[in-house]
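Here chain A shows up in two complexes: once beside chain B, once beside chain C.
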Partner chain A sequence: MGANNHHESFPWKHVVGFVLSLVLTFAALWVALSSGLTAKAIIGVIVIFAIIQASLQLFMFMHMTESDSGKIQTINMAYAFFIAIVVVAGSVWTMSFVL
Partner chain B sequence: MAEAAHRYDETMPLEYRTEESRLNILGFWIFLGAEVALFATLFATYLVLFQRTGSGPTAKDLFEVKDVLIETLLLLTSSFTCGLAIFEMRRNRLSGLLTWLLVTLLLGAGFITFEIREFIHYVHEGATMQTSAFLSSFFVLVGTHGAHVSLGIGWMILIIIQLLQRGFTPRTARKVFIVSLYWHFLDVVWIFIFTLVYLTGMVI
Partner chain C sequence: MKWSEFFVTGEPLIYAADVAIVLTIIGIVFVLTYFKKWKWLWDEWLTTVDHKKIGIMYIICAVLMLFRGGVDALLMRAQLTAPNMKFLDAQHYNEIFTTHGTIMILFMAMPFIIGLMNVVVPLQIGARDVAYPYLNALSFWLFFFGAMLFNISFVIGGSPDAGWTAYFPLASNEFSPGVGNNYYAVALQISGIGTLMTGINFLVTILKMRAPGMTLMRMPMFTWTVLITCVIIIFAFPVLTVALALMTFDRLFDTQFFTMANGGMSMLWANLFWIWGHPEVYIVILPSFGIFSEIVSTFARKRLFGYKAMVGSIVGIAFLSFIVWVHHFFTMGAGPAVNSFFSITTMAIAIPTGVKVFNWLFTLRKGKIRFTTAMLWALAFIPNFVIGGVTGVMLAMAAADYQYHNSYFLIAHFHYVLIAGTVFACFAGLHYWYPKMFGHLLNERLGKWTFWLFMIGFNVCFFPMYFLGLMGMTRRMYTYSAGLGWTPLNVVATIGAALMGIGFIVLCYNIYYSARYGERDMTGDPWDGRTLEWATASPPAHYNFPITPEVTDLDAYWVMKKNGNGLEVKEEQLKPIHMPSNSGRPFLISIAFFFAGFGLVFKWFTLAIIAAIFIILGLILRSFDDDDGYYISVDEIKRTERLARKGA
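Let's turn to the complex of A and B:
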């Protein structure tokens, strides 16, 4: 089994991804509840934390870039997130004139 | 052995050893892209409507840090243990794979239990789907995610049964890998629910 010869014996990538996710979760919680920033600043910071944490899942847990399809998989997800940002930010922005 | 299949034999993990499996995995990534679009519409609806609480409770009245944090940690840890399952699969350890899949299932079941309890608690406080636009969009968004987790639990149980019957084959390995992609994706969606629904709701 060629694939297993150079396989690590301890899941470092997963452990690092998990610890960073925990740190980002508690950091977001602290920023939201006790940092004393303005609501706008809080939302900006916690959304950035969320994007970093989602990227950790995609790259460190889901192995998005591996295999011969890695490039297509990455472009596909990048496009999906582009659509998501257009739909969400676009809706909120448009409706901010109405509500 | 066919040439195309041979290309993947030496360097790739078991789940990529055939052209068909590689394409199945690529196809599942494209499905996940469509799922991102689906959840984006639900997030958009929620974020447009969440301050329209009518005479019902607001997000600030309703959400409790402790419950949300427990759900978040359960799902995040289950995503980690699911990653460990794939790690064990790639080391050819069936028992390790099965153990971590079972841990993942238990954590997922724990998540769903807490979420159902949270929903029941809200309904008892008079916050139902019919109460306000905020609560309609809240229950649809978070409920759709919960339905996905429930489906994932059933799916994973079926995969475990197949593993017990057939052991490691390129086919079962590919199926395990795809269910792991689905499970990690559920945590990706939850990160945004945690941030944009719960944390944002407690701030504004």
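Let's turn to the complex of A and C:
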């Protein structure tokens, strides 16, 4: 199937993923050390970079969509993100009256 | 520590329990030795990885815990029957309502459901075992020793007494000194690990091991509900794990996560507890819905009405179950935006649940209904559960909840959903699948006695509590004064509780009676069933299916019976069957967990560390274990199958 053909040709996907990961890592480093933004903005930008890089790696290296159960994997990851956001953001929101 | 502090002293009830425990242990040891059953116990049960036997052990434990939790309940009802009773003092009452709640939810409802899951799901999907049989055994033994650790608290060290929710700051060292709440933190942690592994195990089993042709939309409804329940377990239980770990640190090592001083945030415990706790109630109710769906469809002799809507509503409930938790503490003081949001999400849950109720009703419509005991439980479930559900919507209104909160109205509500939902489902499922587990049916006449006694007793016990709540009686109060006018309804409730107790005794007698005189199930299909578990012998051979069945439609076995194909075992098609080997390690690792937990409870860290080393040793040995099972020869399968068919 698709996965088998993929192994015979040059692994473009991996190279692109690798380069993009490097770019995102150094970009984050640059933002933190020498962009001159406020601390809050720096944290925001770094978090966004991190999310992009995490999803990049899921697709490029961990072949999330490629196996027979690709659909299930994708739904699972999406649900995991949903729960993580609900638990963290929901707790912060709910408990905000004490803080 | 002095011995007089190690053992709980000063209560005649506790001394009686001490004597009963010692006598029971002596009795068990004597019987096993006298009948030379030790080897049988080890070979057939303690080391088994067979999903059917593990399921049976779960159910036996659940029934024992139902007894324990039920005795707690009867003690509470006895104390509340009349005003100013001196039967239990305040401290003892606190301990009893705490253990009642914790045991009923975590050590009765969950294992009962998980036991039925274990017995039924692999059979329903045409599999020979679960995906990870060894892990399954470990799950069970961790649950078992977690439950035992929790249960010994009332004779050794003292029971937890801060409620099953163990809210901080009450559950902190400052307000609950002693080891009671250490038991809560550690025992729940141990059995929680087991539950989490069960969730992973069954998710993989259902996704990967279905018989050929069984697409997701051809799965029996019970299997669907278990699949979704596993997803909820996997996402909800880690929250409990973390919360309990923080609690353990607070209690054992004086950290300040949930304390009042030093920047601790006591309400965060309530928040984390219910992020797990609300999905938890769906973990016990969704499989119950699945059980009722199977039973209603079988005994109405009709395909389940609105299968797709049913699946959709389960998924919808699973989704919503994670965004309603704040409704357990509307009165905590969060702003109107927070309360309104969670009020609306909570009410929204009534929609998919309502869809399911209508699906059951339409399945019954124009069906040829057989009023078996299992069906009676399923039919009684619908109106009783609706009462619980509707009062739930009343509680969901944040503003009104300030009136109902923590009153007996709430007690009545959640007993109506948990008993009419989960407990009725456990009894229904027990009667329905009993022949599949043990090869004989439960007596229908005694079963109906249990049903009527328990169902009427349940309503007599809990319906008055709605009114007691509206009259101002709050939960967890250990006594009340005569002038409040609560006495008549409390007397009624106690009578109801006694009826439920009698119903339970009849059920236990039924189990004994049916084992001796019950009708033997020779066909493997006593109810004219629709799903694949009825295609096997009762009880099934330990490999379940000699030949993996081919599924062409929903209600696979029903279709096979109608078309008359796929039923015969063609001997020339038999192939050797690969099965997992038994292992004693899950049992031994779990004993190590028990001692590690016991050490933590009493802060005996040397014991805890030694036991932890044994746990790690067990894990290391497992990873060097190259026993990948054995094959059953074709000859042996032929012999087993011929014997099974001769019986039929």
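General observations
Here is the rule we use: the second predicted complex is superposed on the first by the 80 of 99 C-alpha atoms of A that agree within 3 Å, B and C clash if a C-alpha of one lies under 4 Å from a C-alpha of the other, contacts with A are read in each partner's own complex, and residues count from 1 in each chain.
One rule holds in what follows: a contact is a pair of C-beta atoms (placed from the backbone, for glycine too) under 8 Å apart; a residue touches a chain by one contact, two chains touch by 3 or more.
Everything numeric in this text was worked out from a predicted model, so none of it was measured.
Once the two complexes are overlaid on the shared chain, A:Leu58 sits against chain B while remaining clear of chain C.
Annotation for chain A, partner touching more residues between chain B and chain C: B.
Within the superposed three-chain model, A:Ile42 lies in touch with chain B and out of touch with chain C [touch as defined at top]. Touch criterion met: A:Met95 reaches chain B and chain C at once. In the overlay built on the shared chain, the residue A:His14 is in contact with chain B alone; chain C does not reach it.
By the document's definition of touching, both partners, chain B and chain C, reach A:Ala80. Once the two complexes are laid over each other on the shared chain, residue contacts for A:Ser69 go to chain B and to chain C alike. Shared contact residues of chain A, touching chain B in one structure and chain C in the other: 69, 72, 79-80, 83, 87, 90-91, 95. For chain A in complex with chain B, the residues that touch the partner chain are 1-4, 7, 9, 11, 14, 17-18, 21-22, 25, 28-29, 32-33, 39, 42-43, 46-47, 49-50, 53-54, 57-58, 60-64, 66-69, 72-73, 76-77, 79-81, 83-84, 87-88, 90-92, 95, 99. Of all residues in chain C, only 207, 231, 235, 239, 265, 267-268, 271-272, 275, 322-323, 325-326, 333-335, 338 touch chain A in the complex they form. Touching chain A in their complex are the following residues of chain B: 9-14, 16, 22-23, 25-26, 29-30, 32-34, 36-37, 39-41, 43-45, 47-48, 51-52, 65, 69, 72-73, 76-77, 79-80, 82-84, 86-87, 90-92, 180-181, 184-185, 187-188, 191-192, 194-196, 199-200, 202-204. For chain A in complex with chain C, the touching residues are 69, 72, 79-80, 82-83, 86-87, 90-91, 93-98.
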